Structure formats: structure tokens, C-alpha cells
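Data first, discussion second: the structure below is written as C-alpha cells.
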Amino acid sequence: MFRHTKQLQFEAKPERPDPVYAHKLQELIGGAFGEMTVTMQYLFQGWNCRIEGKYKDLIMDTATEEIGHVEMLATMVARLLEGAPATMTAEAVKDPVMAAVIGGMDPQQAIVAGGGALPADSNGYPWNGKFIVASGNLLADFRANAAAEAQGRLQTARLYNMTDDPGVKEMLKFNLARDTVHQKQWLRAIEELEADGLETDIAPSALFDEENQEHNNTIWHLSDGPDGNKGGWSTGEDRIEYLMDPKPLGGPGTAPKPDPALYGTYSPTQDAVGTVKGKAQSVKSKLT
Amino acid sequence: MFRHTKQLQFEAKPERPDPVYAHKLQELIGGAFGEMTVTMQYLFQGWNCRIEGKYKDLIMDTATEEIGHVEMLATMVARLLEGAPATMTAEAVKDPVMAAVIGGMDPQQAIVAGGGALPADSNGYPWNGKFIVASGNLLADFRANAAAEAQGRLQTARLYNMTDDPGVKEMLKFNLARDTVHQKQWLRAIEELEADGLETDIAPSALFDEENQEHNNTIWHLSDGPDGNKGGWSTGEDRIEYLMDPKPLGGPGTAPKPDPALYGTYSPTQDAVGTVKGKAQSVKSKLT
Amino acid sequence: MFRHTKQLQFEAKPERPDPVYAHKLQELIGGAFGEMTVTMQYLFQGWNCRIEGKYKDLIMDTATEEIGHVEMLATMVARLLEGAPATMTAEAVKDPVMAAVIGGMDPQQAIVAGGGALPADSNGYPWNGKFIVASGNLLADFRANAAAEAQGRLQTARLYNMTDDPGVKEMLKFNLARDTVHQKQWLRAIEELEADGLETDIAPSALFDEENQEHNNTIWHLSDGPDGNKGGWSTGEDRIEYLMDPKPLGGPGTAPKPDPALYGTYSPTQDAVGTVKGKAQSVKSKLT
Amino acid sequence: MFRHTKQLQFEAKPERPDPVYAHKLQELIGGAFGEMTVTMQYLFQGWNCRIEGKYKDLIMDTATEEIGHVEMLATMVARLLEGAPATMTAEAVKDPVMAAVIGGMDPQQAIVAGGGALPADSNGYPWNGKFIVASGNLLADFRANAAAEAQGRLQTARLYNMTDDPGVKEMLKFNLARDTVHQKQWLRAIEELEADGLETDIAPSALFDEENQEHNNTIWHLSDGPDGNKGGWSTGEDRIEYLMDPKPLGGPGTAPKPDPALYGTYSPTQDAVGTVKGKAQSVKSKLT
Amino acid sequence: MFRHTKQLQFEAKPERPDPVYAHKLQELIGGAFGEMTVTMQYLFQGWNCRIEGKYKDLIMDTATEEIGHVEMLATMVARLLEGAPATMTAEAVKDPVMAAVIGGMDPQQAIVAGGGALPADSNGYPWNGKFIVASGNLLADFRANAAAEAQGRLQTARLYNMTDDPGVKEMLKFNLARDTVHQKQWLRAIEELEADGLETDIAPSALFDEENQEHNNTIWHLSDGPDGNKGGWSTGEDRIEYLMDPKPLGGPGTAPKPDPALYGTYSPTQDAVGTVKGKAQSVKSKLT
Amino acid sequence: MFRHTKQLQFEAKPERPDPVYAHKLQELIGGAFGEMTVTMQYLFQGWNCRIEGKYKDLIMDTATEEIGHVEMLATMVARLLEGAPATMTAEAVKDPVMAAVIGGMDPQQAIVAGGGALPADSNGYPWNGKFIVASGNLLADFRANAAAEAQGRLQTARLYNMTDDPGVKEMLKFNLARDTVHQKQWLRAIEELEADGLETDIAPSALFDEENQEHNNTIWHLSDGPDGNKGGWSTGEDRIEYLMDPKPLGGPGTAPKPDPALYGTYSPTQDAVGTVKGKAQSVKSKLT
């Protein structure tokens, strides 16, 4: 069960409105790596966690924080939109900069949300449940968490460079810091899983004996770049072998004869079809 | 530019059809962490890579391999569907096991694809471009790659346990092996980025001085689990501090006065609204 | 900012597993009117609310409760899936009822979530941000809230009739109760808006003088059902007039001449095209 | 079966083109509460209606009208796009206002539709079937209808304020009027359902005895706003009780032991995991 | 403007219910090539048509018919669901065939639609606006129409083979017939466009002189299949040339130096990165 | 299995950056008829092809080429974005043209892709698997292919007119040429299918005797346009008959009595509901 206080986790006050920036900031709310994603990703991971104790508690602490980040950003967007020229008509727009501002705004922030934030990204695409990962395997999920925080911090850093507003920058400095520590904590938790003997370095830590031993340590050179085998990954004792001229190991990928009731195009003597026009028909006639 | 050989990278022949399993296998084709995802993720990362050489070449080698994995799985699905009872009518279904098989099939594999694979997951949801990550920042993207391969191997391992068919298992053993080495290679490539001085351990490797120093090494205890601070992450010299009783740092998240032309509900004397019914109206009358 | 306790708002313990029901229960989690919808709908409405006081506080109290409902349902799903035959192979399935169970399961609950809930509906379609409404206009939004709770209670009631499990029923009785009171509260809040003079009975409460007075109280009889004008809505002093033989008021909906650079099919003498084959060409030749 | 006349229900002629406004107007065509939504919502409700007579006839009359509203708006969009600078090249754009216009246009209206309307909203997101509600329960659906018309009128009103064009305003005045009467009619139809004894004030009108009686008249105070209990809803004889310090009623939301074949992270002695690093491993060794 | 009669265009009465078939039939309602698609495709094409007369009238006649096809199918689905065991509980299901039926049903037809049709396909994916084509170019669109009717007839034919119910088959025979004539009419309309001199055989009929003349009549042999050049397309006077050993014509696809403020991974001396570990760093130090 | 060379199929170098055009060009990458669509459409058709030989080889040759087209366009987009003012802040934007440029950019190309291409269209909507067609029936699919290439060439032609950049135009001339020959090849392959006796002119070439013979050669005049019957399609010996005053052939589309456990609104004496307010209730009382 959850409780809420009306105080924001951190202040979210722009010095002045900037509706074009409010448009861009949607990416951090409803984008694939926005705050709605980490909120829901950590909540579902916590609820789906099968091992009580430090891992689950860490997940739920972080999940609960992230709901408050959506709140901060939604508040910031509403404030950036204050006094936005949303309802300025074509006729009224004389100033070309104002015209450009209107062109750069998110029309739905005005028409749909009445000057507020949307659960969508900076192109108006709605947040959806496919953005999250909650597999029940902690190593696989902590990797996804570290990756999500990395993309999140990267996007926050890019947005940090797109504004001069001291209030916005102050909030983003906080967000950058939280993305830093969250990256760190998931990487540390990955180490902890190994120290606890719960997972090793490949997810899931199983089926190693069953997997094809011939093919679990080779990189196939299938593009003609000359440098792929010059990385550290292909040197040293534990190097991954670079197969420089790999050959396909399977036969041709032919699909089977179709169910006649599904009307896939087919001829009883398929090989005839390759060459001579009309062959299929003549063969078919003979068969009938 | 690409070239294609009709030989599969690895064999994909089931011993016998299994249309219910063909349904489940869609997850590895068009699911969020299926082969279409890693194909497109690596292709866009390669095309978007700003640094020629070993990293880009590794990415493109792997990307090109993955297209062939979609091919293997699509071929396997078509073969698993051979002779499927897709067109059996309700009347004809006397055998309850057969009835169950029909219930467990993906109707679109028959109706839409004529007995073949779909670019969709095991619930029929189509693959989409939001499943991929290609940010131009290699550390952030290699993290995402390692995470994607981990989820992919996890799902492959789960599906490995859902079949007894030796042909299917043989192919999945190959897939497991490739997912193992791909996890390994992206983790090694992350180390290489650091060795090369291109990135450090947090993505992006920038804005460290600018970020809020007070808040980049603390975990907020916002859920009541007692064990969050007992992990390795909160011990040792480089420990992350666990804030056991954190307080919100911001003011209330009030949204600004709305644009009247957008018709947000509002009263000139907002505080009046909190308590007495009708107060808003009486205040408004006085103002007019 | 939010806080979390690990205690559920209400107990969520099934008496025994039922993986087919776990599939159906997804509708109440990630469906268009599931708990994720009311959670996000009320959160965004609260954050977007422009009038401090009783309305906003009511919204935020309810929003915060709903997060806990997602939690209850996600927990219930995981428990219903305990021991599910997810990894039973085709070969192992001898019992037709077991075969049917497997056919009725959500494959992604096993393959993707490892035996847990998904942020998706009962057809595997992911929850998305378009499911919510948060316009900033409280009358319009409270209407949407009452409607959402009605659909939610309806679906809960249907699901209540699809199980015999006392534990599941116990939880759903709680959910039904909450959906009842939430419907009531939003309807009461609508009355309060009017009592406060903030909104009237049509949303938004504006532009009444501007709207077309001739057409704001008529129902157009455009289908041939004979009873449309026999409802209470078309009787009494404040009746809505039923236009029994309405005529279109506009001219033909012709689209303008296209931009030649966009290659819309067009002929300089359009009227010629209607009748004689080849006319367009001959006219064009004459023009050149 | 349907029939069509080429005359529009109401005129849809702008005085002059305005491609930026044509972009915004997409919201009323393919947005979540646009005309495609009410068209399909009422059609499916009518086809799914289980009770012949006045209700169904009212639904079908309104549904049929709404198809014509999509037609009016699609026509208006094509006309607003006449002569739009869609194919102006970067080089040719000297006038900054023209540049801003191009920036504010919907690129797909030109590239995809050749200067026409799209079945999408003002952010280019396509209309989809999840936007509609047709449950078979008339009370629940009429609530949704009144809510949809309220959001629709609100958005129309906002768009009315974003143009000065007399022709556009004339059409929107008609649309506003229709949204007014449609709100009215659904609210009246809700009253009629009650008068007819078909439904009461909560949907569905069933399971009232079964629902948890202790929890169907309380609001849980889970956010710290002080005014939630000051609304009319918590006063009077039929007041809803405000639980000022509610406690969770359930136990902890622990997920069950996972299926080993699904590789959820798990340890046989879970409680050990909470505290000491490596404990899980040492316990596991002892067990083997 | 549209009008509606309650009589169906053709009868839609199954002899007996079949809820599993009702699930499959969704494909013809809300699938990519279902009746909602042709309805909306033809409506938008008609509204977007820039040339009055026979073409537009043909489009609108057909569009109007298609709305009635959605109606027939929605009615059929509701009737196929009559008495469906939607609310049968796990406990009550003793009969394995019944269990299989429940597994093969669409859960949302019961939970969401109350025993009716959904605007979605046979995997529960909602119909969306991206399914349609309405470009303003009649040749391009009539091609799309003929293709859509072909896929539609194919799916109808497959579904025809999945039922024995005489009533269902009777309706599908009508649908098959309509799909036949609609294919025919669009192919005939394509011929008419040419006869009228409005379009030739390639869409759009423009920019033929501008396009690259060297590459508009060759097929590149990029897969190793030996028979591609044995079709009629590569024989005769107007044959398309088969380039048997095509070489790439462009340079390497290198992406430019990134904007430093976007944090793409980059090194000032890129070529160094290809080979030696740490080179990037040492080069960077020298530059500083 | 696939292989890759780093050389592009054709050069993709703009003369100068144009970030607004980079936004529009997304349509050709991830739009419904962009290069990702034809890539995946042809790949799945090839893998799903049930007839070895010339058809399958042609499909796979073309499929393999198309992957390289996505590559060319992704490279072009990155180059068009070089030096884009993505990170220019509101304060820094003094030049109104620059402001307009920023308004016309795709924010995600900067924030998400770091100055690169996205797997999405020109409105930021992600490419998805529903864009493709691969039914196993070659006639139906080749029709879809010709249609896709027609829409693709049309969009390319429109985009050709939106730029003056010689480098961009050079690449688009190549693309136009490829779209020309691909249209030609699919149309020729359709002729070949007929020559081979594999398919006739309607897809699928089956169930002609079963389909309703009375309704497979008539066009229903359901819109009031006077010219529909003046096309070549309704003249000549093989004319399609134009039914000028068609009548519905079915009965009313009434839905059956609902399952009481699903709470559809219903009254035992339905006909009573049509007329008198309260009738339903009084009837119900009598029944109890």
C-alpha cells in the first residue's frame, strides 16, 4: 500500500515558461526510458520478486522514489506551459519567433491536457507496458535496470544542454545525480548476486552444460569491417574466438508443403516451377 | 549492402509438428527481446555509430548474424505448423486433446500467415520500433545489449524447458550458446570502452561536476522493507549511503493558473474552495 | 513524494492456483479500465489540477489508493500461477484437461514474466497512456472517472462470476466495494462542482452563447428505428426535439484541387471525368 | 445497412487555408475523443445492444450522425491544406513565418495523404479500437458516452479559441451544439434507465449484497491534503466516511516460490538473503 | 451524411453458437484486412478524392457498403457467443472439451464486451488507423484496394474452411462473392485510369525522366537462389535485366562526427580506435 | 544467413545538413510504406514461401536489397543532422528562422538517437509488424507488394519535391528508379503466376463455385453519386452490374439475449421498453 505527501521530492520551478522545452521534456515522462518506465519496471519487479530481503527492499525503495519523479516532471511541464501561446490564432501571430514557438509546441499538451503533461513521449507516442522488464530473474533485470538508468541519464544530460533556465537546470542536476546513483546501485547489486552465489555472469545461470559448446565462444565475421577482431574481447586467455570466414551450418530454409485449405501457392512438383513458364500448369494437368 | 545465402546459419528442423509450441516460439521472433529486436537494435546502432573501427565492426558482425536468427526461427515455426489442425471445424473436433491444441494455437498463424510465422510476439502483439535502443552512446547501448541478450537467453531457456522435441532443442542449444557469447562480448566491450578511455562506469561519462553532489550517492528508504541497507552496496568504503528517514526537499507540486481559453477548472480565490460548499461561487460573484 | 508499506491494502490469497484465471485477471491490471488506468488517470488529474483544496485532495487520496490495487492484483496473479504447468511439454500432456489449461494460459506470464503479472490486458495488449483522461477540466474528468469506475466494476463483477475460489472472491468483494464507493464519490463531486458554481451540467461550462442555437437541442433521426423518440428525453418541457426527417445542411464534401507536386490524381476539367472513357486525356491534350 | 448522400451534414468551408490549424484539427478526427471514437463507440454499442427499442434506436441514430462528422472534419482538413507550402524546400524558405508554418505542419498530411486528413490525432498517433467502450451494459456505456462528449466538447472549445477563421468557427459552433445536446441526451437516457427500473445509480446494478459492506462507503486518506474530507461528499446523512488514518488490511505481498524451470532468482532459505553477503551460497552448499 | 436501416445487407445467423469460432472471426472485423479497414480506407479515399465523378462515386458506393459488413460480422459474433461458457468456473469445468472451448475463447469478448464483438483482430490487437491507405493518388490507392480485397478474400476463404455451420457458411459465401467483385472492380478501375490518361502503369505517373535511368530496369541478385532470372520477367524484349554479380555503388556508410552536447561516443582520432586498446585515451591526452 | 559489406548500395551524401528534412525523411525509413516495411515484408514472404524456385528467389533477392535501403536512409538522416541546432536553448535562439528549424525538427532524433535515425515515421510513430503482409498466397502478396512499391514511390516523389539538395536528390533518383522496377517486377510476376497456372485473377483462386453467384458481379449504389455506373467497369460484355436501388437482404441485426452473469442491460419483455417509461420495471415486477 502507498501513501503520498504533497511535497515534491525536489523542487521543480522554472524561472520562466518555455512551451517548446515542455514539449521535449515529455521524453523524460513517457518516453521508453522516462520516469514512467522506471516506476513501473521497478514496481513490477518488486511485486514479482521471489526472494524476500535486501534485493526486494532495494527494488521497492527505488520504485517508490520513481513515482515521485514522474510527479516532479509533470509539475515542471505544467509550469513551463504557463502563459503558453497555445490559443493564439494564425491571424494574431505576427511575430515569427512566436510563430516558431507555436510550431514547436506539443498540440496535445494544450488540446488534450489543458496545459499539462501527457503520459507520452516527445513525439506524442503514449507510454506503454512493453517499455518495462520484470522477468523474475534478478541478474537479467538488474542489467536492464542499469541499462535503463544509463539511457535515462543520457537523455537527461542531452535535455540539460537544451535549456538555460536555472530552475530547470537545478531540477535536472538532481535527476542526473539520481540516475548516477541508481546506475551504481544496480551494478553493485549485480556484484552482490554473484557474491551471494545466486547468479553468475550470464543470465540465466543455467543450461551451460546443455548449450552448444562449439558455438558459445565465437564471433562470426559476417560484415566486412576489418577491425572487429582487434578488440580486447578477442585477445588474452579468455578471448572470444573470431571466426573470420564462417560458413552456414544448416540446410536451406525451405518451408513445408502448405495446408491446401489455407491456399498457400504451391505446386506438386515444385522444382519445375523454377525454370519454365507454364511448367507448373502442365505438370498439374498430368497429375489430374 | 547485404547479401543472403539460402543455407540457414544452423539447422532448424523439428522432429514433429507442434502448433501450440509454434505459438509460444513467436516470443523469440517478435517479442520485446526476440531476434527482430536484436537485429534492428544492432543495425541501427551500427549505422548510428560515430567511431569507426573495432566497436562498429563488432556491432555490424553481430547485427548481420541476428537477421539469420529471425530466419531460423521463422523456418522453425513454419515446420512446427505443418499439418496443424488449423482448419478443423468445431464439429470435427471430437478428441478433447485436439480441441485443446486448437485452443492453444495462434489463430493468426493460420488465418493471416497461412501456416507461417508472424512479426509478432506470443500474444500476437506486433514487433515495433520502440523495442530497440540506439542512442549513439556506446556504453549506454552496450549495457542495453547485454541486458537484451540476458532477457533473450532467459526466454530461450524457458522455452527450452517447454519442449521435448530433439530438433527444436538442438536449435535452441545453438541459440542459448549464441546468447551466452553475445552477453560476454558486450560485457567485454564495456570493459574495452573504459580501457580506451572513451567512457567510464556511468553513462554518459559527463556532467559529473554539474550534477547535484549531495544526492548522487544516497538511496532513499521510501518503502518499509528492513533489509535494503544490508546489501554490499551499503557497506565498505565506496558504500552508497542509505537515507533511512528521507524528507521531501521540494515545495508542494501546485500547478499554475490555467489559460482561461483552455477551460481548466479554476477559481480566483482557490483557497476558498477547500472548505465551504458554494464558497467559490460567492467569491466569484463578489469579484464581478 | 510517495511512501510504501509492504502490507497489502487488502488480502490477496487464492485458495489454490488457477493459471487460466490468472490470464483473465490481467484485464483488471492492464486493461483499458484496469487498475493501472485509474492509477495513472487520477495521478495525472491530481498533478494537472489547477485548484487547490478539496477536489485535488480527493483525487490524490484516490490515486494513491489505486497504486495499491495494482499491487494486490499483481500479487494475486503470481499466486494463482504457482505450480502452473507452464513448462509441461507437448509429450508430457496426456490429460486433456491439463492440455486445455495450457491452451488457456497467457504464454507471456511464463516466458516473459517468469510466472508473474504483466502490465497488459487479458489479450496481452500492453497498457498505454491513451487509456487515461486528464484534461484539467474537473467536470469532464469526473464524468470520465465515474465512467471508468463503472466499467471497472462491471468487469470485476464479470470476473467474480468466473471463479469459485473463496480467496479470489474475497478480494474481488473488496474491489467491488471500492468501485461502488468510487463511483459514488465522483458523482457526488460532480454535484459539488455545480454547488460551488464552478461548472454546470455541460462540459466545459462555456461557449453556450456562441454555439449554434438551432442545433443544440435536436436528435437527428438517421437510422430507421421507430422508438428513438419515445424515450423520456423527448418528452416533457425540457424535451430534446427529435428531427424525424432531417436533411443535410451543407453542400457536397468536395476536396480542393491538389498540389501538383503531391501527385493526387486530378484532371483540369474534372466534370468530364464522370462519364466518357478517355475524356480526361483528350481534354488534357487540348490544354497542352 | 447504410446509405450515403454527398451533402455534408453541415457546411465545412474555411475562409482561407491554415495548414498549422489543419494539423491541430486532427485531434477531433482521430484523437481519443475525436469523431472516429464516437462513431465506432456508438456503432458497436448499437450492434451489441441486447434490448430492442428506444435505447438502441437512440444509439443508432446518433452513431449514424457521427460518421458524417468525421466526413465534415476530413473535408475541412483538406480545404485548410489547400495551397499549403508542403513542398517548399529549405532553400526556398526565406520568410521566417513561412518557415514556422512548415515546422508546425503535420508532415504526414502531405507525404502520406497528399494534402488530406489522416485517421490519427494531432500528434500523428493513429486512431485505435481501444479508444471505444461498448460493454453491453447501458448504464456503464451511457456514462462513458456522456464523458466522451464532454471531452469532445472541451477539445472543440479549445480549438474554437485557436482560430479566427469565420468558416471554421461556423462549423465548430455546430459541433459544439451537437456535443451539448449529445451530453444532454446521454444524461437523460441514464435517468430513463433508472425510471425504467433497468439500472440504478451504480454500474452494474448487481452484487450489492455480495460486495464487502465494510468498505463500500469509505474514502481512504492516503495523501496528506487536509481538505479531502471537506467536500459535500463527506457531509450529510448519506455522507461517505473519510478514513483519516487508514491501515493496510492485508499481509505482505510476497510472491510464491518460482517454478525452477523458469529461472526466477530464488534461494531455499530466503530469510538468509536479507543480511549477510554470501549467506545464500553457503546455505545452498549445505543443502546439497 | 449517412443514413442507416436496421435490416442487415445479408443475413447473419449461425445455426448454433461456437465461441471459439467467434474468436477467430474477429480477424474479419478488426484485423489488418478486416471490414473496418476497407470501411475506413474507402471512406478516407472518397473524402480525399480530388476528382469528382465516376471514380469518387464508385469509391463512396463501396465504402458505404463496407460499414454494413462490419455490422453483419459484429452481429454474427454476438450470435455465435450466445450461451457461451464464459462464466464457467475452473471447478465447474469437468468436461475436457468444454475446458478446451474456454481456452480457445477470446476473454475480452466476455469481460469487456459482455458477449459481443470487439474492434480488434483474432489476437485481441485493436484495429488502428495505420491499417488504411488513402494517398490521393488513385492508381496507388486502387492497387492497395485490390490487394486489401485479395487478402480479405483469402482470410475469408480460410475461415470458410474452419466451420461447418450452414448459417455461417451462407454469410461467408456472400462475403466471398463481394470480395471477388470488389477485386474485379478495382482492377477494372485501374485499367480505366489508364484509358482516361490519368495514370500509367507505375505510380505516381511522374518523375520518369528524373529517376536514375541506369537503375530502373535491373534486379540485383543478392541472394544465392539460382532461379530468380528464370522467370518471364527476365525474358522477352521488355525484360528486366538480372544483375548477376552486383557491386555496391556507394562509399562506406559512415555517420558524421556527433554533436558533443549529445554525448555520442567519439574520439578525435577515430582510426586509432580500431586497433590498440587504450589508444583513444593516449591520443586524447596528447590533444589536451 | 546474411552477410554485409560496409559499402552502401548507392551513395547517400547530402550537400549540406537539413534537420527539418531529416525529420520528414523518417517516413521512408519507418513509415507504413517505408523501407523497413518492404524489407520485412519480403523477408517474411520469402521465408513463408511454399514453392521453391524463381518466385522465392526473386523475393529473397529483393528482400536482401531492401535491408540496404534502410541503411542508405539511416546514413542520410545522420548526415542531414550534422551540426543541427538540437541543443540550442530558448535563450540562444534569436534568429526566427533558426527558431522555426528547431520547431520543425524531430525531438527524438536528438534526445533518443543522439543525432541519428529512428525506426519510426515522420510523426514519430514506431514501425510495427502490422505494416507487413506475408500470407503464403503469392498472388495476394504480389498485389500487396506492387501496392507497397506504388505508395513508396509516391512518397519518395513527394519528398523529392521537398528538397533542393543535389546529394539528397541524387539518392532519391536511385530510390525512385528502384521503386519503378520493383513495381514492374511484381506486376510481371503476377502475370507469370497466371501463365504458370498457379493463380488466376482473383485471390485466392478457389471457392469460386461455392461463393454466392448472385452477388459476385454487382456494385451496390449506396451513395448518391450519379456517375458510379459510368465507368468502363459497368460497360461491355464483362461488365459489372450496377444495382441502382439495392435493398437489404437480411433481417434486423438484433443481438441475442445476454448471459445474465455478464450484466448486459436486458428486460424479459423487450418490446415493452420501446415506448412507455417504467414499463420494463412494471413487467419485471409482475414476473417475480
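Labels A, B, C, D, E and F are assigned to the chains in the order they are written; within every chain, residues are numbered from 1.
Simple rule for what comes next: a residue touches a chain if its C-beta (ideal position, glycine included) is under 8 Å from a C-beta of that chain, and two chains touch if they have at least 3 such contacts.
Please read all numbers here as calculations on a predicted model, not as lab measurements.
Engineer: Applying the touch definition from the top, give me the chains sitting in contact with each of subunit D and subunit F.
Structural biologist: Where subunit D and subunit F share a partner, that partner set is A, B, C, E.
Engineer: Does the subunit B and subunit C pair touch with the same residues on each side or with different residues, judged by whether over half of the numbers are shared?
Structural biologist: Counting shared over all numbers used gives less than one half: different.
Engineer: For the identical-sequence pair subunit B and subunit F, what's the CA-based rotation angle in degrees, nearest 5?
Structural biologist: When the C-alpha atoms are superposed, subunit B turns by 180 degrees onto subunit F.
Engineer: Go ahead and note the Å separation of the Cα centroids belonging to subunit B and subunit D.
Structural biologist: Their C-alpha centroids are separated by 27 Å.
Engineer: Using CA atom averages as chain centres, what separation in Å is found between subunit A and subunit C?
Structural biologist: The mean C-alpha positions of subunit A and subunit C differ by 26 Å.
Engineer: Using the touch rule from the top of the page, what residues of subunit D touch 2 or more other chains?
Structural biologist: Correct list: 1-9, 32, 47-48, 52-55, 57, 60, 63-65, 68, 71, 74-75, 78, 86-87, 96-97, 99-100, 102-104, 110, 112, 114-116, 120, 123-126, 128, 130, 135-137, 139, 154, 157-158, 161, 192, 195, 204, 206, 222-223, 225-227, 230-232, 248, 253-258, 261-264, 274-275, 277.
Engineer: Going by the touch rule set out above, what shape does the chain contact graph take here: line, ring, star, complete or other?
Structural biologist: Looks like everything touches everything, fully connected.
Engineer: Residue numbers of subunit F touching subunit D in their complex, please.
Structural biologist: Going through subunit F, the ones touching subunit D are 18, 20-21, 23-24, 27, 31-32, 95-97, 99-104, 121-125, 154-155, 158-159, 161-165, 222-225, 248, 253-258, 262-267, 270-275, 277-282, 284.
Engineer: List the residues on subunit C that touch subunit B in their complex, please.
Structural biologist: 1-6, 47-55, 57, 86-93, 96-97, 99-100, 102-104, 106-108, 110-112, 114, 120, 123-126, 135-139, 192-193, 195-199, 204-206
Engineer: Contact residues on subunit F for subunit E in the complex?
Structural biologist: 5-13, 32, 46, 52-58, 60-65, 68, 71-72, 74-75, 78-79, 82-84, 86-87, 110, 114-116, 125, 128, 130-131, 133, 135, 137, 139-140, 143-144, 146-147, 150-151, 153-154, 157, 160, 173-174, 176-178, 180-181, 183-185, 187-189, 191-192, 195, 201-204, 206-208, 210-223, 225-233, 240, 247-259, 261-264
Engineer: Which residues of subunit A touch subunit C in their complex?
Structural biologist: 1-9, 30, 36, 40, 43-44, 47-48, 60, 63-65, 67-68, 70-71, 74-75, 78, 112-120, 126-130, 132, 134-137
Engineer: Across the complex, what residues on subunit F touch subunit C?
Structural biologist: Against subunit C, subunit F makes touches at 154, 157-158, 161, 226-227, 230-232, 235, 261-263, 274-277.
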